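Okay, so here's the structure we're looking at.
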């Protein structure tokens, strides 16, 4: 993980209070409404222009969509988090910034139920189309396997 | 290119060709819904998930050590690299220093695994173009690597070799002479392979200029590893941010020029030789010492988040670990290169003929175990 | 030894004549006897060829190939055929049943008919037609239609694409295939197979017509859908192409027809370019056999080395390379013949 | 682009045509696997202290252990079963065993006709020794 303080300072100029640094000092925290402009800014005006990973984590009180952006020159990584309301997990899609977000967002939708608004074809990718629920949510009940 | 019939006044009809999940060249249970106009592919839709085993969910119910055998089953052609990526993530999260000898053993086995994985790729690429004989040749060389794994790991395919803090087995007796023999034979075998298939005019004709992805598109599609380098982007994690002991070895990162299927294929052939070079150096300089760091019996990862990736054989293999301080991961996300690489496939295949679509699919080297996890 | 089979035929003929039949009936009976003999010959050779292909492929790939069933695996194909015949015969729902079934029976017909005019040795052919070579070309092009019948009748998209490819490929390659023989025909002035063989008494046509021979090998390979030209089958793209939907006995027919075609191609090549039964020391039919199998081995060698060619490269090779080359060959041959005749006329020889 | 590559390829394949073949004639000639191979497991009943660490270490809950208390109120092994159809062959059980009572073996012929035969009863207090329940031994 690269030090994000420098990045935060430059971004603060543009987005002022909309962004903050997480408690452990490793991630950039953005509210879900502002994720697209922030990521666009990072992609176009900083070195971190490669989307290395996109996923989400289901915490008891909130949902987080986690973006890992990489600097293709020296493989430096930064983590950007968007906080989502659990009852209504919606966020803007970043497919228009990176084509690769297409499959990753579909996967996140499939497994965690985060709805990416503006995604061209948001449907299940790993689970069957008629699957119910989102398996990686903590409230998803796993039936014990039947063993012979 | 596509499509001339409309111009000439013939009325033609597009049809949907369902390629997979069971098809000779989908490399597993991948399915592509192809819209075809005669021989030409008009549209491609990826359908994956037939091998979805819920690895990420399984991880939440396994201790850190217990999850190691499952990582084998992701990219089952490069088990050791998957193990490595996972244990490195846990080591990073726990702040464990791995003994030097263990790192060297990891590099040796990891690079052998990379050779094995690339051999499968070049072999299956040849096979998808109906080159049965070169396919067999490459598999014999891979067989020798698997024999070596059998000696050191105790398994051939699902190695479960790495442990958090080191490696479980030291180099056994008789391993090094066998490895030396393999390394001595490899260049000749690779040349033979090149003569049969790489230089073959039919093969070159079928792969040059097929499934082209330029550097910009490759970056946007998140391609990593050999697929990205084939498009001319010089990015290899082993060079860009050397993990383990890769900074001590002298090797080159081969690059492609056109980002077509031939470059993606040929890059693997070149990387095989570079990996052999790394193994050679590692064998010469391997130190004596412990193979396991002092780690507690019960692994508890401190609360927090870790993202760690390694240069896998297919690309950047990333692990995003969220721990709540317990013995099991709170959330483990597996970023698999094949899954991302496959996302670029529709763009490569559109507008080509069916045979080109097959060649492009072979050239991005997907493993369905990793795509679906 | 030389006339071993001819003598046997003579004996049978005498035997039939002994029943007191008239000349025409004896002739007719003899044709049937010879036909059956050729059929048996072809089927036996298919067994050998399949075994040979699998062994040769294995050897090219540094492995042994079938070595379990029977001594050294020689009975492998017999077991395979039994296995196939004991399997369920599936006709896909929605298939054009008549066309689908008919194709499986018809696929063998043109192949067998080709053998009717091939001289296996001196005086060893069923019928020595005046139009022998022409007959072969005419009959073998019927295969195209049967393959398309199989592709169309199956009602499977893979099969259909395979059938379409077969038509495109076989119709196009027919042209250089025919042209490659023209040089030989000009040299001999006859289409009769036995005349062509006898014309090679001194020197084989492979020496006089090397270009034509290479064109023949390539085009012939494409005609029988093998080696780098197996696009209609195209395992990696089309699963099994035109015979994807065929199972059990019907599949066996296609499987055996492929090898019968291979052998027919080799037989034509041996007759037209390699001097047929001509050769020293050994009996003629053995020479023919050796030449035939040498060509078959060459085909296998090529098949197990090269990857499959692409559709557009296939057409490119045909129309832009093989066709001009074979036409040029005809021109050169014509000029050569004229020059030769002039030289002879002037008495410089 | 003049067919040299084709000729070269043909020369390589014909070279391999005459090279020694590497096929292993398996059922007749059995491969000798290295010591480290963990294809099959056995239990050293003398060493086993019935602690259950192996069952806990197993990622896929393959091992079932039943214990009983003997007259000295000491834990004693009653039954030890491995359900091999779920085994990942990772060897974590053998690795975690504090007394090294689990022995890895190189017998790889574990195929069985029915699911029941895939269960390996490595120890039962009042029954025949394990070797008779080895899958493969029955067929």
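In order of appearance the chains are A, B, C and D, and numbering begins at 1 in each one.
Heads up, the rule we're going with is that a contact is a pair of C-beta atoms (placed from the backbone, for glycine too) under 8 Å apart; a residue touches a chain by one contact, two chains touch by 3 or more.
Quick caveat, the model's predicted, so the values are computed rather than measured.
K.L.:
Could you pull out the chain whose C-alpha mean position is farthest off from that of chain A?
P.N.:
C
K.L.:
Looking at chain pairs B-C and C-D, which one is connected by more C-beta pairs in contact?
P.N.:
B-C
K.L.:
Provide the C-alpha centroid distance between chain A and chain D, rounded to the nearest whole angstrom.
P.N.:
Here chain A and chain D have centroids separated by 43 Å.
K.L.:
Taking the mean of the C-alpha atoms as each chain's centre, how many Å separate chain C from chain D?
P.N.:
52
K.L.:
Could you tell me the distance, in whole angstrom, between the mean C-alpha positions of chain A and chain C?
P.N.:
63
K.L.:
Can you tell me which residues of chain A touch two or more of the remaining chains?
P.N.:
none
K.L.:
Among the residues of chain C, which ones contact at least 2 other chains?
P.N.:
Residue numbers touching two or more other chains: 60-63, 304-306.
K.L.:
Scan chain D for residues touching two or more other chains and write them down.
P.N.:
6, 9, 12-13, 16, 22
K.L.:
In their complex, what parts of chain B are in touch with chain A?
P.N.:
Residues of chain B touching chain A: 46, 48-49, 52, 54, 56-57, 61, 217, 219-223, 233, 235, 237, 240-241, 304-305, 307, 309, 316, 318, 320, 322, 330-331, 333, 335, 339-340, 342-344, 347, 372-373.
K.L.:
Within the complex, which stretch of chain D touches chain C?
P.N.:
Result: residues 6, 9-10, 12-14, 16-17, 19-23, 25 of chain D touch chain C.
K.L.:
Which bits of chain B are touching chain D when the two form their complex?
P.N.:
62, 65-70, 133, 137, 140, 150-155, 158, 160, 168-169, 172, 192, 195-197, 199-204
K.L.:
What part of chain D is in contact with chain B in the complex they form?
P.N.:
Listed in rising order, the residues are 1, 3-6, 8-9, 11-13, 15-16, 22, 33-38, 57-59, 88-92, 95, 104.
K.L.:
For the complex, give me every residue of chain B touching chain C.
P.N.:
Within the complex, chain B contacts chain C at residues 15, 17, 23-25, 36, 38-39, 126-133, 136-137, 140, 196-197, 200, 202-203, 205-206, 353-356, 358.
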